[in-house]
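Below are two complexes that have subunit A in common, paired first with subunit B and then with subunit C.
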Partner chain A sequence: MNFSERHPATQFIFFSASICSVILNRNPFFLCISLVIALVYRIFQLRSIRILKEIFNYILLTGFLTVLIPLVSHNGKTALFFINDNAVTKEAILLGFSTGLEFSAVICWFSCMSRVMSGEKIIYLISGIAPRLAVFISGIMKFVPLCRKQYLNIYRTQKNIYSGYKSLRKKIYIVIRSFSALITWIIESSADSADSMYARGYGLYGRSSFSIYRFRRFDVIILAVIVYLLPFTATSVLYRTAGIVFYPETVIPLSAANILISILWTIIMLIPVVTEICEEYKWKLLRSKI
Partner chain B sequence: MEIIKVENLSFAYKGSKTNIIDDISFSVNKGDFLILYGPSGCGKTTLLKLMKKEIAPDGKRKGRIYYKGTDISKLDDRQSASEIGYVMQNPDGQIVTDKVYRELAFGLENLGESDSVIKRKTAEISSVFGINKWFHSDTATLSGGQKQLLNLAAVMIMSPDLLLLDEPVSQLDPFSASAFIEMLVRFNREYGVTVIISEHNLEGIFSYADTIAVLDKTKIRYLGVPRTCCGFFAKEAPIVEGMPIPARIYQRFGIKAACPIDVREARTFIRRYCPNIVRKLDKPVKLNNNSFAVELDDIYFRYDRKSPDIINGLDLKVRKGEIYAVVGGNGCGKTTLLALIAGQLKPYSGNILIGGIRYNAASKIAVIPQNPVTLFTEDNLRDDLVNFAVNCGIQKDIAPSAVNDLCRTLGIVEVLKNHPYDLSGGEIQKAALAKIMISSPDVILLDEPTKGVDAWSKKSFAEILKRLAKEGKAIIIVTHDNEFAAETADTCGLLFDGTIISEDPSGEFYSKNDFYTTVSSRITKGFFENTVTFDEVINLCKENGGVK
Partner chain C sequence: MKKIFLSAAVFILLTGCAKIQSKDEYYNSTEQVESEKSVLMSVNCSEILKNMDSLDSGLEKYIPEYGLIVEDKAYPIKDGETVYDLLIRVTKENRIQTESKGIFGNREIEGINYIYNSSCGKGSHWIYKVNGEIQQPVCSDYKLKDGDIVQWIYVCNDKESD
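Right after this comes the complex of A and B.
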């Protein structure tokens, strides 16, 4: 079972934890590892040449910040050279580089997440907390494509009957009229939706919530590990062992606690990639047996 | 045992002094299939909504409705929600959520059923309805027929005892409509669900009903079995017009025998009570030597570079004063063809000539889209039409009277003050015709003009089209409605596989077809030779002495 088929709650907590860990633990080694893992996962997700473009964008972003920050920040002990009498320091370059890594890693994790967490899953998660809001959002998700279609219908029809209109003013006039007709349509059709909702008992006391997702043992394990790690990370952030200090001199925190936490987080972040590889291998094995 | 009982029910909408339904009494037994029949605007929807307390309209009500012996207004909310199901006319509006499975679960969630119960029921209902394949789909991607089936499924999942349906198939094409009706009949026959369905077109549903209630001008005029219904209304045009052709044939024969209610019985009936000495009706050949209004020459079209051709080497020629009907199954590219002629889409190969010259912005073509209400943008019909007339260059002071005159000829003067959304199916088609006539086009394109239109309005609409053709307009109709095409069009073309496969004068077209043809033609196949419309059947029966 791929990670993308896991329970939405697991996926949501996994991605939130991965993103948080990147933001909280700014150890450059850890950031590098995290970015690499996210990229590998992204390769599995995309399986196309598009990934090269994304990698190029991350390199560009990191490079840009590595150059930009030394130009605006002149703190730091070790001056490498001067531009217009302003020192370009080693510390500032390191800060720029690690900020670039951090941004890239966060963006990469977010893009992995958006691929896995569809709107459907997010609505499901919301329905756990606010069922009525979830119905509302789901209704809007249904309505938006219909509105777009209806608008195009109206607009095309209007454009057609006013086909002699060429000036920009008249074209805008058509758009405005189509839009006002669309609003009438929206009101009409939401009246139908409301009737249909109440006809099926919407608003009765004690609404339950149905989902097609199942919570399995593997979900429990992942969640348990993440929950177990949380306090450690929290304390390490609290005692600033995770935070890297750039100025006046760059000190990379390499305490035993930080290394341990980084390793554990790395293992967690590897979960989707490892399951993808195992799946792939299993399939090949099965197919070779046939 | 009666499941619903209506006693002396009268109802008037808020602000209206006249009753929309007046002193109606009837009862429906458990497991019955009742059709509520009547022309548009006779109060069918109001009556149905009054039986469902959650959506009962506001207004002045007299009389009582009992559901299983309890007054409907005192019925428990939960019981009313789950035991009385309601399906509306518009397939889109009543879908609430974005995913099919969520839509199915919606009712049960409202009742607070547990996850395992909902899981089981959604699985059950999807298996019965064959929804499995699109269980995870977005509701917005479904076709009209699928949407309406989903609406039925989403109601059936709460296992109601009583199902109320308000013209559920009027917006569907005939194939989806019969699939829907079959499903409905199955629930009635195999699961004992009581069905009350309102309809203005009885073809295709008549034979399934136990009881038929004819609602006309606020009253129930007839309540009884379908078989005797047609004889009851011997001469009343609007009511008889919507009856199925077998029953109408029987009514014209005017003999004391059992009324046929489907094609099979009608075939036996006509063979038994009418000789066929004259087998062929003498039909005058309509000669049209006008110049071509629309010429399509070897047209190719596809939506994407990589997608397959929708229109594939199509030739089509329509003369001035000709009504041409393009018929064909679902998704065969009929609407695409119209958009190409109207210049909304461009073919990647081939020529389209309008009045002998290549299509350009000055070509006088008007389209009535499938959804004619999109033509209107004002709050009432009169303002909209007058506004448009002024925009088309008619002087401000004479525009209102010009609009009035035009609407009088179309028979929609009474509804000019109404909001376009409040018009019935027939009225909105005529209003749409009024709007496009203002710009005096040479070519008129109509996309499914009979959708949601009752039989009576269909007939008067056909007459208007014929009149326009006589004035020299070229009219192209795209339709699923074989009956309408046979009666209205001069020429019919079957669109299949991206091209016009066969093209003939409409009479010949339908008598040559064995399967894709009209009800009249199916009834008389092998008995008469060229009768494709109801009137032709009756005329030939007259010649043979079957009908006096």
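Right after this comes the complex of A and C.
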């Protein structure tokens, strides 16, 4: 069973926990491991050449921050050279590098999450507590790409109507016109969908809905491990033993508990990738027999 | 093509304005000033010694004995030299790290000897006094006169200036 077919609560807690662990732990080694795992998972999700473009973007982001942060922050013991009487230091470069890794890892985990958690799953998760919020969120998630598509449609039509005009004023006029049409369309279609939701009795007391999600034993195990680990991580972050001190000298505190927590987080983050590989292997095995 | 030219122009503008020096060049570029005018200057962070618990971890090594980063000493000054110029000159001579911020020549000191603003609890920062009076933070505006006493002091509790 793939990770994307598991219970939404498990998926949600897994992704939020892995994103939290990336944000809280600024150790470059841990961030590297996390980013690599997220990228491998992303490869399994996309299965196309688009992954190369994403990897290139992450490299660009990391490189940009590695260059930018030394130019802004000049703290640090080992100065490499000086720009306008301010030092460019090794520590600042390291800070920039790990910040870039952190940003890339968070973006990568979020893009994995958005692929797995569809609007339907979010409605399923929140509708019990706050039905209106659930509709709102899933509406946004569906609406943004839809709006973009509709805007392009309207814009092309308008451009064809006013195809003879080439001046800048006319171009701005076309954009404004199509934007106004888009807003009208947004209001109309959201009123439509709200009406249809109302007609079906969404959010009324006592109304139940069917869902295909089942809470299995494996979900219980994952949730238990994550819930067991969270206090450890929280305390280590509170007492500043987990992270890394960059200024004025870069010090990575290496304690047994810290390493253990990092290894456990790594194992948790590996769950979807491992299940994905297992499923692939099983599929190939069964297929060759037929 | 337009974009390439534009980015090249921006790059040249940025690097043209910047003064890039290697480490040795920077520290050996101190000029020997010989003049009859002189001022007294000191850099002092002894207030941290009373508030060691709120100091950021890893900084304990960089607090000198009695908190004196630069001891009280008379320095000859040039005409029109500002507090900022003097501080940079003296710290360069003694190989002490400093960081300043600001644009168009208005410089504010952010940190001296790895001790930064808000390194020792909330509201802790560097101030400077000339002849016993606290001055405004932009230290590149104050022109020094003969016989001035400049004190750089690290304040831990920001009660007085609030």
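Criterion: the second predicted complex is superposed on the first by the 210 of 290 C-alpha atoms of A that agree within 3 Å, B and C clash if a C-alpha of one lies under 4 Å from a C-alpha of the other, contacts with A are read in each partner's own complex, and residues count from 1 in each chain.
One rule holds for everything that comes next: contacts are C-beta pairs under 8 Å (C-beta built on N, C-alpha and C of every residue); 3 or more make two chains touch, one makes a residue touch a chain.
This structure is a prediction, so every number in the text was calculated from the model and none was measured.
Could you say whether A:V251 touches subunit B, subunit C, both of them, or neither, answering first, second, both or neither?
Only subunit C is touched by A:V251; subunit B is not.
Determine, under the contact definition given at the top, whether A:D195 touches first (subunit B), second (subunit C), both, or neither.
Once the two structures are laid over each other on A, A:D195 reaches subunit B alone.
So which one touches more of the residues on subunit A, subunit B or subunit C?
Comparing touch counts on subunit A for subunit B and subunit C gives B.
With both complexes overlaid on chain A, does A:L80 touch subunit B (first), subunit C (second), both or neither?
A:L80 contacts subunit C only, not subunit B.
With both complexes superposed on chain A, which partner does A:S48 reach: first (subunit B), second (subunit C), both or neither?
neither
Per the contact definition in the header, classify A:E120: touching subunit B only (first), subunit C only (second), both, or neither.
A:E120 sits against subunit B, while subunit C stays out of touch.
Report, in rising order, the residues of subunit A that make contact with subunit B in one complex and with subunit C in the other.
Residues common to the subunit A contacts of subunit C and of subunit B do not exist here, since the sets are disjoint.
What part of subunit C is in contact with subunit A in the complex they form?
Touching subunit A: residues 18-23, 25-26, 57-59, 62, 88, 97, 99-100, 111, 114, 116 of subunit C.
Sort out for me which residues of subunit A touch subunit C in the complex.
74-75, 77, 79-87, 240, 245, 247-249, 251
Can you check the complex and tell me which residues of subunit A touch subunit B?
119-120, 123, 135, 138-139, 141-142, 145-146, 149-150, 153-154, 156-158, 160-164, 166, 177-178, 180-181, 184-185, 188-193, 195-212
Using the touch definition from the top, list the residues of subunit B that touch subunit A in their complex.
Its residues touching subunit A are 52, 54-55, 77-78, 81-82, 85-86, 88, 90, 92-99, 101-102, 105-115, 118-119, 122, 136, 138-140, 151, 154-155, 158, 342, 344, 361-362, 366-367, 369, 371, 373-377, 379, 388, 391, 421, 435-436, 439.
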